[in-house]
Amino acid sequence: MTLTLDHARTIIAATRAKGREMELKPLSVVVLDAGGHVMAFEREDRAAPGRFAIAHGKAYGAVMLGMAGRAQMARAEAQGYFMAAVNGVYGGQVVPVPGGVLVHDGDQVIGAVGVTGDTSDHDAEAALAGIAAAGFVGEE
Amino acid sequence: MTLTLDHARTIIAATRAKGREMELKPLSVVVLDAGGHVMAFEREDRAAPGRFAIAHGKAYGAVMLGMAGRAQMARAEAQGYFMAAVNGVYGGQVVPVPGGVLVHDGDQVIGAVGVTGDTSDHDAEAALAGIAAAGFVGEE
Amino acid sequence: MTLTLDHARTIIAATRAKGREMELKPLSVVVLDAGGHVMAFEREDRAAPGRFAIAHGKAYGAVMLGMAGRAQMARAEAQGYFMAAVNGVYGGQVVPVPGGVLVHDGDQVIGAVGVTGDTSDHDAEAALAGIAAAGFVGEE
Amino acid sequence: MTLTLDHARTIIAATRAKGREMELKPLSVVVLDAGGHVMAFEREDRAAPGRFAIAHGKAYGAVMLGMAGRAQMARAEAQGYFMAAVNGVYGGQVVPVPGGVLVHDGDQVIGAVGVTGDTSDHDAEAALAGIAAAGFVGEE
């Protein structure tokens, strides 16, 4: 199965609803397909203007590496020069922290979600809720 | 007035509806704020994966230069090296053709919409319908 | 409210006056709007030639992230790879130290000021005085 | 003689005054020193947000090449690939049209002014007036 735009819209709506339920700061949410390409994005009012690039960087690194944000963060803390080098080969587009969440359909990665605006842990929690609402399993 | 996310969502929904009414190919639609920053984006199913960058480039050039896509195209045809140079100073992010449409609130530019997927003229026509649906005036 | 050029000129003049009163080294001062775009800049005589990029980097990161220089510095010290990655997604344009000061009008961020030339703490103090002179509240 | 910040401020003020006298669209004006580094900049209200990069590109090419905007434009029209290549070696920062004006003190180039906002010819005319007001001779 591949992600459709309707899936992406559901993920964004449910991520945002979770953010409101948790009383998080304004969120920005991007959904990328299995090739790392942008399907849909929304930035909530009062979020800082540059949030697209952060959300995108969280999701892009996840899908390109096949490694969710939490694993990327662990690697960055253990071996910083490696993640810096990885970032170099991806044109500086990777933000290796929680909030970059892989979308699984069974054992297949079909995309990634990037969320930014609150703490990285809260961002990831909201993304997981969004992915579940679309019937998939998130790996944060 | 500044564009809100609700405005951006209305613009995207109405642009897509216009595309379906006109039986256009799958559209990708981005809305940027007055500073050229991404507010919302949707790429319809079956559109090519790289459409975000094209939609963004149409809207980004419009808002950064304060010049809609049709005027940019005229300038590019009359003085190609100038638009190439302008693109350079904006990091290669400008796509100077119709489908980059300014959003006016009275005499103020409050953002831009970028549409790609069908012919440039059809892309622009769909964007104008989307902007009108949100209560603003588009300049293509 | 949005910043006008007159506001920006007032901020720069008052920041420079504060610098002279504190007997700081020659200052360079930039004012960015809410979208991170340059409104005005002045570099005092005898400042090093490359000061525009430093002043810009302090202010640009602040407005794009919605996070003032002091908070960026704390994050960089706690989680260096994160701020390095953030810098990557913004094209290497972020300088995460004091002297990048947000301009608030009530609870809204309407721009940022970047000051460089003396110690980061002194740079920030001068910026705060400049912002206050224009009737706004700075967050350093 | 080298340009001082007071010179730069005089040039900007007089360029803007000329623009108002000629009833031009809102102008953006940058002054670079003999090394191509930004000394001062102002963007008038209602100018498009991306005008710094255009003004800078006009002045930067002039001072780096020692060739004013009008001569650059002639070269671009006669030998487009050459100016494209020149732009490449300067990091894509050159905008080769009138409005990039060299500042001469006798036979020495001491800086450049970049103006954008109206037609290129009008931009250059305003810059010449600004340079004259500071007691120097402009070469457009």
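Observations on the model:
Note that the chains take the letters A, B, C and D in the order they are written out, and that residue 1 is the start of every chain.
Everything below uses one rule, namely that a residue touches a chain if its C-beta (ideal position, glycine included) is under 8 Å from a C-beta of that chain, and two chains touch if they have at least 3 such contacts.
Per UniProt, the chains are A, B, C, D = Glcg protein.
Computed from a predicted model, the values in this text were never measured in an experiment.
Between subunit B (Glcg protein) and subunit D (Glcg protein) the centroid-to-centroid distance comes to 30 Å (mean Cα coordinates, whole Å).
Averaging C-alpha coordinates per chain places the centre of subunit A (Glcg protein) 43 Å away from that of subunit D (Glcg protein). Taking each chain's centre as the average of its CA atoms, subunit C (Glcg protein) and subunit D (Glcg protein) sit 25 Å apart.
Looking at subunit D (Glcg protein), one finds that residues 49-50 touch two or more other chains. Interchain contacts give a graph that is no line, ring or star and is not complete, per the touch definition above.
The set of touching chain pairs reads A-B, A-C, B-C, B-D, C-D, using the touch definition from the header.
Only residues 47-50, 53-54, 56-57, 76-77, 80, 83-84, 87, 92-97 of subunit A (Glcg protein) touch subunit C (Glcg protein) when the two sit together in their complex. Subunit B (Glcg protein) meets subunit C (Glcg protein) in the complex at residues 33-37, 91.
Contact residues of subunit C (Glcg protein) toward subunit A (Glcg protein) in the complex are 34-36, 63-67, 79-82, 84-86, 88-92, 109.
Interface of subunit A (Glcg protein) with subunit B (Glcg protein) (complex): residues 4-5, 8-9, 33, 35, 37-45, 49-50, 52.
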